[in-house]
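One structure is given here, and the rest of the page talks about it.
Each chain gets a letter, A, B, C and D, in the order it is written, and its residues are counted from 1.
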Amino acid sequence: MLSYVGRRLLQLIPVLLGMVFIVFMMIRAIPGNPAQIILGQQATAEAVAAMNARLGLDQPWYIQFFKYLGGILQGDLGESMRTRLPVADEIWPHLAATMELAFFAILIAIVIGVNAGIVSAWFQNSWFDYIAMILALVGVSMPIFWLGLLGQWAFAIEFSWLPTTGREQVRDPVNAITHLYVIDTIIQGRFDQLWQVIRHLILPGIALATIPMAIIARMTRSSMLEVMRSDYIRTARAKGQKMFWVVYKHAFKNAVIPVLTIIGLQMGMLLGGAILTETIFAWPGIGRYIYDAINFRDYPVIQSGILVVAFIFVMINLIVDLLYGLIDSRIKYD
Amino acid sequence: MSTTPLLKVKNLKKHFPIRKGMFGKTVGHVKAVDDVSFFVNEGETLGIVGESGCGKSTTGRVLMRLLEPTEGEIEFDGKALTSLSLEEMRKTRRDIQMVFQDPYASLNPRHTIGKILEEPLIVHGISDSKERKKKVNEFLEIVGLNAYHAKRYPHQFSGGQRQRIGIARALMTNPKLIIADEPVSALDVSIQAQVLNLMQDLQKEFNLTYIFIAHDLGVVRHISDRVAVMYLGKMVEVADSEQLYEKPLHPYTQALLSAVPVPDPDFQKEQIIIEGDIPNPADPPTGCTFHTRCPFKMDICTKVTPQLTEQSTGHSVACHLYESQVDNDIKQLEGSL
Amino acid sequence: MNKRKRILEVNDLQTTFFTDSGEIPAVDHINFHLRDGEILGIVGESGCGKSVTSLSVMGLVPSPPGKIVGGEILYNDQDLTRLSEKEMRQIRGNDIAMIFQEPMTSLNPLFTIGNQMVEAILLHEKDWSKKKAQERAVEMLKLVGLPRADALLKDYPHQLSGGMRQRVMIAMALVCNPRILIADEPTTALDVTIQAQILKLMKDLNVRLGTAILLITHDLGVVAESCERVVVMYAGQIIEEAPTKLIFEDPQHPYTKGLIQSVPDMRYKKDRLYSIPGNVPKPGSITSGCRFAARCEFAFERCWKENPELYETADVHQTRCFLYDEGRVKPDVHNAFIES
Amino acid sequence: MNKKRMWSAALLLMLVLSTVLAACGGNSGSGSDKDTLVFGRGGDSTSLDPSRVTEGETFKVTVNLFETLLNFGEEDTTVQAGLAKEWNTDDGLTYTFQLEEGVKFHDGTDFNADAVVKNFERWANGDADKFPYYDTMFGGFKDDESHVIDSVTADGDYTVIIKLKRPQAPFLKNIAMSMFAIASPTAFEQGDDQFERNPVGTGPFKFVDWKTNDSITIEKFDDYWQEGLPKLNKVVFRSIPDNSARLNALIAGEIDLADGINPSDAGKIEENGDLQLIKRPSMNVGYLGLTVTREPFDKKEVRQAMNHAIDKETIINSFFEGQADSAKNPMPPSISGYNDDIEEYDYNPEKAKELLAKAGYPDGFEMELWAMPVPRPYMPDGAKVAEVIQSNLADIGVKAKIVTYEWGTYLDKASKGEADAFMLGWTGDNGDADNFLYALLDEDNIPSNNYTYFKNAKMHDLFIEAQTEVDEDKRIELYKEAQEIIHEEAPWVPLAHSTPLLAAAKDLSGFVPHPTGSDLLSNVEFK
């Protein structure tokens, strides 16, 4: 298995290299000069030229590319053109914010989506099944903007249950250590703050979870339906096993692999940052970070941001693949 | 029935590599077909029997070069098939057709029966459109269906009817040889009899040569002139049908025959139940591959692979029991079984 | 001839499938019984309702769309069709166990043999320790002739051959000493040599443990070798019932006769097989007259109008055919088959 | 576990959870005795060193951390005392500033003439990359020929003398701009890059914490030199990019003050008893630029026709929700030098048609109309406004095809003169006419900000003269004359001067919105 992981990680190198190159070329193909954008409309030509020189944009593209690549190989993700800070330092708080939200959202999506899918398949063609699947259909096509604002209106304004935006109560801010606030508050023993952090996670978490939840529910249902027709399900029932355990033990374990694949993909997508959700809920995550970078033509941030996100995406898929082996002994990695 | 061989197979091998490790290194081979030689005379039916994993289906596919043989020669109608180019092979396939076990899986569900039957003619550039339609209708009638069936789709037919369609398709190009791979094993008993009868009728009418691959010994006996028994990629016994069933020589053949349930509660047979399972084809036993289950196993069996040798006219067996140095006492056992 | 107690009695059972294209009476008013310790064969072609019959007994008819709409299944003086799911669970695996056609797919691929066997034991022996259950599992695996039974508990199904898996299935089914074992085509997916092993094992166990076996098969050879008594089904109905010997020696129903004649017998070569014309009917496709009339070469007017009842031709022999009712079954009809 | 029991447990859990949520929900507004202001805004700051950036979100914060020698008026761009309590000049070349005494930087060091000199030296020794605004405003750096400042010297502890190479009219206004704030030399001498994240000034608030893209926290500077100020203890600037979400946060009480309110939400805020609507004086202009190098906009009559054709009133009523004034000049009336005598081109399609005919286009023509892809205070909905303009133009026979690009691309292409007519706008930096007229329409600024490529030699002379004219009245006359030329030549269709809206909790008082968009919060308190 170690050699399998090694091989997968080796395969990762050309993929990431290729991606760095494509992103590098693509963002340079978008019109707009970073120096001009950073300096604003008032800037003089000299200022733009000076900025270009500092940013290294006066050099041929291949020199820029190899410089960037050389930096990457030494673990240097470059420096933001706009804030002049190392991308590696800047990116972590954003990534942490996104990770916290994404994990929370995927947790909601898994708990609700998987169970809804299982129960739907168990009671196929029942009212529960119909309603759940209609909701799932609505869920995948739900406009997040609308859902988010509706959630804020209902839960924050009408009922005053939850906060509208942000990660924490700004009047009592969390002292960021790891930037994963759930962990930070626990480390510091601030359970009152932990509670606030969780409250702030709920609305954006649900908004972000909606689509994955619907996709997971549908995938679980169809996978379960297929498994429920299997002979070993009949065997389990013929033993006198309760339907609940037949469904949750025998059927679900067999149905879980395609569901896991979907969860992995969705997780990867969520970790890439959800610009809409992060915008509506003022979540300082990686999606907005990269999006802003694109608007500012902050090349190093765009490149390294995408690189980091892609790396995480691939790693999650690797983890999912390894999980297959844990679940199903027929799958061997060597 | 002529005695000129239509098909001659010599030392045919098909090995599938087993890949493993970081760079997909080949660590071994599954010897699906391992040094098999036989012939089929024009107009006769050669039955190939054996249990799962014995290589009988692979043999059928290699003969048509649907799978490329690893080694060996195949001579069909005077032509060495193994040395033909792919294009020449494609042309030659009009003379060799296949009928498969699962007729449903082998018929394109989106095409009408008419289109399915016409396709081999188009592929081989036979006749014009009008002629082809006529021929389709003619063959539908021949296999016991009606011309109006041409407009229907495969799912509208029962299993037996689908197999008739499969047979009609095989016949469309006027082939000389038909390789039928378990053509009746998916069918109900009453339908199986219909299809077997149809195949026999067609053989007479079109002077067809059959290679009939099946695991059902009753069916094989019924339809075959000669029978070959395969075990783990090797042919262990070949004989005239009558000879093989009445006087089986190889212990495996004997066990196989005795294992078949007979639809007669009064029939008293001496059952030899061989122990154990068929070994993993990826890791076959040394020497005689059957020695792990053979009730007459000798020392030599674990070391030396027995060769298929003729014991009497047309009856060959690959077993150390029948080699000259073997004790007469053991040879006599054959009589009592 | 058989004075053993009837442990299972199926009376007038009707199981219907409610599909989009209409109601399909998969099992249509069938009656049969199983005696203590006997092996009863239910034989028939695809779609004749034999598997639905067995699932009806187990209460495992897929629902929806299937449902038992009439009749009773008596076991131990209780009507299984009226039991709640909870009560039925006590019967399944404990009193009546079942094994299936596909040993490759009938075991859950993701759980070890041990896990699945222990589960079966603990479901009905609630106060047993896990260790005791494991010991019992090993004992049963040894009983069905599996080598290295201890190690086997830790294996996954894919590590076993088909024959071994069917042995595991049998061991698992017998683990709670059921009185009835329903075997639905238990050897169809197996190679001949393995089939012979499994059939022998089942017969041995029948003798040693006294478990009554309901053997469902399409293979007349298997029936002839294993069963004491046979029920022949066609299109959801029982069309003939008799002790095995009688069925083969003196079949009454034209279908039974035709079926027996259709089988290519390995012992001798016929020039031509007898074949029943026409197709095996789809379940529910024939609703009036004799279900077999369309394929029967002896069909006469009455056969198209009425559905014959089961006539008792001898003490232990029943057939559903007007030929018998009208006294037309004569030796000549019988001989016609033998000559063909 | 029993199935039934599992379900009921799940139900119970949900019940408990929602009760707890409800119980804890109520206190979201509490947690302080209302001495913390949470200011919700659209974006984060780039840097906290005002001299190094050009972007408004930074100045919103730094105006409270730093002070300048001179200040703008509370609500306008007149020049007032700042860190310098008195200033004078005789010839417009030598300026003398008398500094406040007893002022301290947040790091405890003293503010004095030496500190001011060090700040100016820091800038003058930099380059365009480091201090872009200094370059723009003072014509370059130390060794540059065009550099305006000759020397900055201390005369004793509290007097600073700045000598110019040549007179610069808006010099005092420039000095008052937020970017030329006086920072603690001890702090910035430790390195520019770390100073950006750890700003030290003399302002009423000092920097506490910055969570990128999330919040910047500043708190009261106890040693602030102005007695009794600031009134607040703490200010948190929160970035909430979405306007609706920001308003939601305000309604929910999570923030106390929000900028970037959609004009369409104004009514809703006024109806809400807990909120107040605040209007910021306009210092912007939204316009339709006509690229004079492209046919047929090279003809004056065509450009005038465009001015007559467009119905500004409808646009302002429909899309600015009335929160804007119709524009007739390239700068808003709040800027001194505004020429109110200009007669606005009225909405008159007939006259427009006549002008077109005169220019040789009796049947109109086809053109591309570039619609702004992003909302800006001066243009809330580019696409919708473009549609109105399109239909106005259709009325005079001009077929306009609406095109749009991603914002960066839009600016890039428009600056290269690729657009026939493009929508754009401008928000002033220092409230000087020069910052509008010269920056946007003079030939010196082709293509940096003059996207229309308009050139007029007479107007250019007027601008150059105005830049060196120290007499304010004379300057005003020069700019008025320039506006007449612009009006006649019509390189733009000026559309609107919008009123940016803010909203605040009702109990917030002392907040005075500044036209520049950077609001000093020292007088703000809760009542």
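As a convention for this text, a residue touches a chain if its C-beta (ideal position, glycine included) is under 8 Å from a C-beta of that chain, and two chains touch if they have at least 3 such contacts.
A quick map from chain label to UniProt name: A = Peptide ABC transporter permease; B = ABC transporter ATP-binding protein; C = Peptide ABC transporter ATP-binding protein; D = ABC transporter substrate-binding protein.
Since the structure is predicted, the reported quantities are computational estimates derived from the model, not experimental observations.
The leading chain pair by number of C-beta pairs in contact is A-D.
Put simply, the chain closest to the centre of the protein, by Cα centroids, is A.
Per-chain CA centroids place subunit B at a distance of 31 Å from subunit C. For the pair subunit A and subunit C, the distance between C-alpha centroids works out to 54 Å. With centres defined as mean CA coordinates, subunit D is found 87 Å away from subunit C.
A separation of 55 Å divides the Cα centre of subunit A from that of subunit B.
In subunit C, no position touches at least two other chains.
Looking at subunit A, one finds that residues 242 touch two or more other chains. In subunit B, no residue reaches two or more other chains under the touch definition.
By the touch criterion given at the top, residues 51-52, 158-161, 188-194, 196-197, 200, 215-219, 221-223, 241-242, 245, 255-267, 271, 273-275, 277-278 of subunit B touch subunit C in their complex. Residues 125, 230-232, 234-243, 250, 253-254, 327-330 of subunit A are the ones touching subunit C in the complex. Those residues of subunit C that touch subunit B in the complex are listed here as 45-46, 161, 163-164, 191-197, 199-200, 218-226, 244-245, 248-249, 258-260, 262-267, 269-270, 272-277, 279-280, 282, 295.
Considering their complex, residues 3, 18, 21-22, 24-26, 28, 31-32, 36, 38, 43, 46-47, 54-55, 127-129, 132-133, 135-136, 140, 193, 196-197, 209, 211-215, 217, 236, 238-242, 244-246, 248-249, 251-252, 254-255, 406-409, 411-413, 426, 429, 439, 448-449 of subunit D touch subunit A. Per the touch definition, subunit C reaches subunit A in the complex via residues 58, 60, 64, 85, 89-94, 97-98, 100-102, 105-111, 119-120, 123-124, 156, 158, 169, 172-173.
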